[in-house]
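Consider the two complexes below, in which subunit A is the common component and subunit B and subunit C are the respective partners.
The block that comes next holds the complex of A and B.
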């Protein structure tokens, strides 16, 4: 579980962490082999006593120094690339980062759907996950209650996770229904919220 | 040991319940509860829990939904959303009554009434043929195949010959549901099994009061379907059955070689009138007068009374000095009393079955008694024009039954149970039984007596009726094995289920029976209630029964005797 996986892209390094989640900062856009994760993607903080699996519940971008807000540049109608070309000093001042909610950790070669004993260390590398890891996480979605605490972001990230997991399954539509039914038990107290989640997952409902 | 069996599918899991009220089973989301092949009221299910397996019956199917789900606009949601909701937020449920515990497979005796219930999340499956067989056994010398569960066509439901005879039997259903077919089938099987019995006391012998000519020769064809006429018992077992008919020259009676059913008034006792009082419209006073007249005139009182009355009339009207009127006066009877009695005696004396002279070869009553005693089945065919039909039927049936029952009681009391002279096990089958067993009459008629005392005297009553609510509740409570076909009336359903465990559930099932060939069987002869598709009574099945009879003769030399005794 600890070995670096060739095909999985690198997303960044942990900047702060608790056992229930972490934030990470991404490398700049031109870094070789690095990318920005998508919202709702499964990621893994690989360094530390145990790899920590987490779901990206927010992606944020803005000035690296929060005391120096970015000023408005470029006239109306000017394309973004043109703005960057005219003001080359702005881009290096920006940072992109993401926060992720823990959904499990690796121990003895298997993926457990529970919180790790300790948070991933700061500056631990964060990479993307394989389809196999995605399937393992979704086998028993016991992480849902923790995710639910993050509110609407968590629900939407969960919907994205479920859709991705089902899409890689041999029986996509069957798996989608199975996963939703399992997850549904956690939403029993808030049927309205669950219906919303189901509509997000609904393959026919995609706009 | 109770491993899942391949043929039976998982339906769901036990989620709540009590022994008293039954189980709540939540269906697995995959279970299509709108598919009649999977789920239905009256179906059997098997429930495994720990080392026990239960056999239960579905008594209700419900839709349930979690908190607040029902209020959501799910109806307009996409098929996917509805599919994902079902089984989690909304789900199907079964009400299941766990009747018996079937222990290790193969151990047939180990069927016991359930005294506890399966645990939470015990899996609930469709019952398999093997599980049904564990409870109902297989057809054999001591087990009679009567039908199959409605949901399992290849699992025979077999009832024990002994259990059937042990207690009274009722066949209830509205007209056209198949009462006569079921009865014919049951009687034919009882006859065949009876002939195979070693001990005299265990051999069934039937006395059948056949109101519509259903049991002797060809039964009546269904006027709607025009289906083939089923053969009667005399046709199937010509050597074993005698038919006595009111009109031996009528078509079917003639074909079955019927003997004449008559009554010699010298044999009539006031008790006979008493037992048929209602049907004959006799007042209590008139019956008391009959007793008084018998006391004065002796055994031939009926003939004497009729003669006196005749004389009075030829003496120009009711002179105050006529002995009948003098008697009425002496005893302080109302003036109409004697008239009432005379009206009834005249009604009887005008009937074709009345023989003023004692028949030279003995009376029909004696002949019938003799046949029964020797193991011959007797069908009493009432298919004749009689007015009013009911009055004559009730009178004749009571007249015969009272005598026969008396004789059985005497013999049973005299002979030790294992004696070859012990009377055979008498089955008295009677159609339109409410005529004899109504609240007012049950205490008086021989049928009421049989229903109450039968176990002592080796007699079983088989009542066939469309209106069980008219039958005396005390008698009803003695009818321990009940075949309940479709009934029209709520009161009738209540009456037939009185005293049964889980009446509510059974009621729902009875109300949903098909109008033909479907019966709920409850009571003594079945360890669990069963909703049965009644065995088809067709040529193939008839042939099987006749074949079994033939084998019986071949197998046991002693029984060949019975067959050709006449």
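The block that comes next holds the complex of A and C.
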């Protein structure tokens, strides 16, 4: 059973946004119910005039204060847990965040595969999506051209999205073939890139 | 660039020669000071016996151990907590529409051992009340002190010490706790503000209900678990130990009447603006210089007491309240640091070793400066950006509602920075 069939996990809050995407910061590890999204995962910024659906196209972790780089700590071969044990102050000073590219928005109770009229507000909560929302987004993948603009990261995220959408569908193989056929039309002018994406989607070559 | 470096450059050849000569002289003084510190005067009691009761304006150090004592740091305990605080403030600005000050205290709790953890936060307080911005004497209606400058700095230092007491009191478990502060343990610079008539309110606020009460609380915690509190002074500029060596080398000590063998600076045979005093021979100030040579990395000195402290000095007030302050030097590797602590903190078995072990480990982690203090500073610091955001917040939420008048012309010109 898919774990996201239940209550969707909370991932963070929007820290900056445009209509074509947003960045968000994740809550700290010890915040109850908070998690970090996976690369290529479908997420939803729930606050604002309309829920905004977006695909995670990057996940980053590093110092909260960009003027204070993390110093090298721990000798070669020392396990990470031991390094954390010796330097417990480091973890609270780190932040994890993610970037997401808009793939649709909700209006009148339906999910539309187009850009919203306005970006989600800063500090809007971001949660994971249900399998049903994932299926709705993938029903008509007209968001692909926007993802293509983000280059390699967009292609990799799209491949992950397709794999997940197929895996949660009642007919995984059929859904995989359908999605690849519809998405492939957008890559008609760049067969090399399309072949790369296909290998990412389906290393076994079924599609 | 408004500074014409060419004008400065013209002075550099002479400066270089002067500095080279000064370096040679400093080296000779250091050698003489080291020879004195490691000779017969190093024996316990010998230095004080030699100096007696000098008549000098210098503060000087009374060693409680051998003058040249060297103690090696041990490993920290298997499980312990370091709590540290540091502060910063926004002083009242007479050009602003609202008179207020902000004190921000950064707090750090680092727990080491089986279940390591860290808590880093800050506590900010904004005061705009009249009685918080001005301290008035109850004895003299005309005696009042605006809370800014040294007084605000002292208030901040008190809040830092109180925050260490808060953290020590809140610490669970029964493992050792080391409390660290940055700078001097008690704010010596407050002396002019807390002495004399009309100052009793400031004295009550900062000393009796401030430093003393916080140290009382820490001592109460130390009565039920191992707690050591100390302040850490990086690149210390104090010279009490060197002053003691100077006094011990005073030629007046070896004479009979009229001075009866007393080091008496007003009767210095070679005193005066031209310099050349006999004691300059061992004048290797500051203390950190000889201790840099005496102590190997990872070693600490013995404990010293500061002597010849004015009766009205903050230190004397705190001592009379039961908290005499001692100090020691530690070679943490990149530098010699000074630790100041209430003497009671070192009276329990192993307390000095615990403090030294933790300070050395913290400094090693922090590339020469204790990592807990580094992080407390980072939590406390108020940047120019923060200050601008605070001004904007006050203007939007209070100023707009109350229709504050325009800010002063000088402040306005600084904000615009237009050509």
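Rule of thumb we're sticking to: the second predicted complex is superposed on the first by the 197 of 207 C-alpha atoms of A that agree within 3 Å, B and C clash if a C-alpha of one lies under 4 Å from a C-alpha of the other, contacts with A are read in each partner's own complex, and residues count from 1 in each chain.
We take it that a contact is a pair of C-beta atoms (placed from the backbone, for glycine too) under 8 Å apart; a residue touches a chain by one contact, two chains touch by 3 or more.
Everything numeric here is computed off the predicted structure, so don't read it as measured data.
S.K.: Judging by the criteria at the top, classify the pair subunit B and subunit C on subunit A as clash or fit.
M.R.: fit
S.K.: According to the stated criteria, A:185 is in contact with first (subunit B), second (subunit C), both, or neither; which is it?
M.R.: first
S.K.: Residues of subunit A touched by subunit B versus by subunit C: which partner has the larger set?
M.R.: B
S.K.: Under the stated touch criterion, which partner chain does A:69 make contact with: subunit B (first), subunit C (second), both, or neither?
M.R.: Touch partners of A:69: none, neither subunit B nor subunit C.
S.K.: First (subunit B), second (subunit C), both or neither: which does A:79 touch?
M.R.: Neither partner.
S.K.: Return first, second, both or neither, reflecting whether A:91 touches subunit B, subunit C, both chains, or no partner chain.
M.R.: So A:91 only meets subunit C here.
S.K.: Pick one for A:177: touches subunit B only (first), subunit C only (second), both, or neither.
M.R.: first
S.K.: Report for A:199: first if it touches subunit B alone, second if subunit C alone, otherwise both or neither.
M.R.: First partner only.
S.K.: Superposed on chain A, how close does subunit B come to subunit C by Cα atoms? Whole Å, please.
M.R.: Superposed model gives a least subunit B-subunit C C-alpha distance of 50 Å.
S.K.: Using the superposition on A, tell me which residues of subunit A are in contact with subunit B and, in the other complex, with subunit C.
M.R.: On subunit A, the subunit B and subunit C contacts do not overlap at all.
S.K.: Which stretch or stretches of subunit A touch subunit C in the complex?
M.R.: Within the complex, subunit A contacts subunit C at residues 65, 68, 71, 73, 84-93.
S.K.: Inside the complex, what are the residues of subunit C that reach subunit A?
M.R.: Within the complex, subunit C touches subunit A at residues 108, 110-113, 116-120, 365, 367, 371-372, 375, 378.
S.K.: Mind listing the subunit B positions that touch subunit A in their complex?
M.R.: Within the complex, subunit B contacts subunit A at residues 29, 66-69, 71-72, 74, 77-81, 83-85, 87-89.
S.K.: Residue numbers of subunit A touching subunit B in their complex, please.
M.R.: Its residues touching subunit B are 173, 176-177, 180-182, 184-185, 188-189, 191-192, 194-195, 198-199, 201-205.
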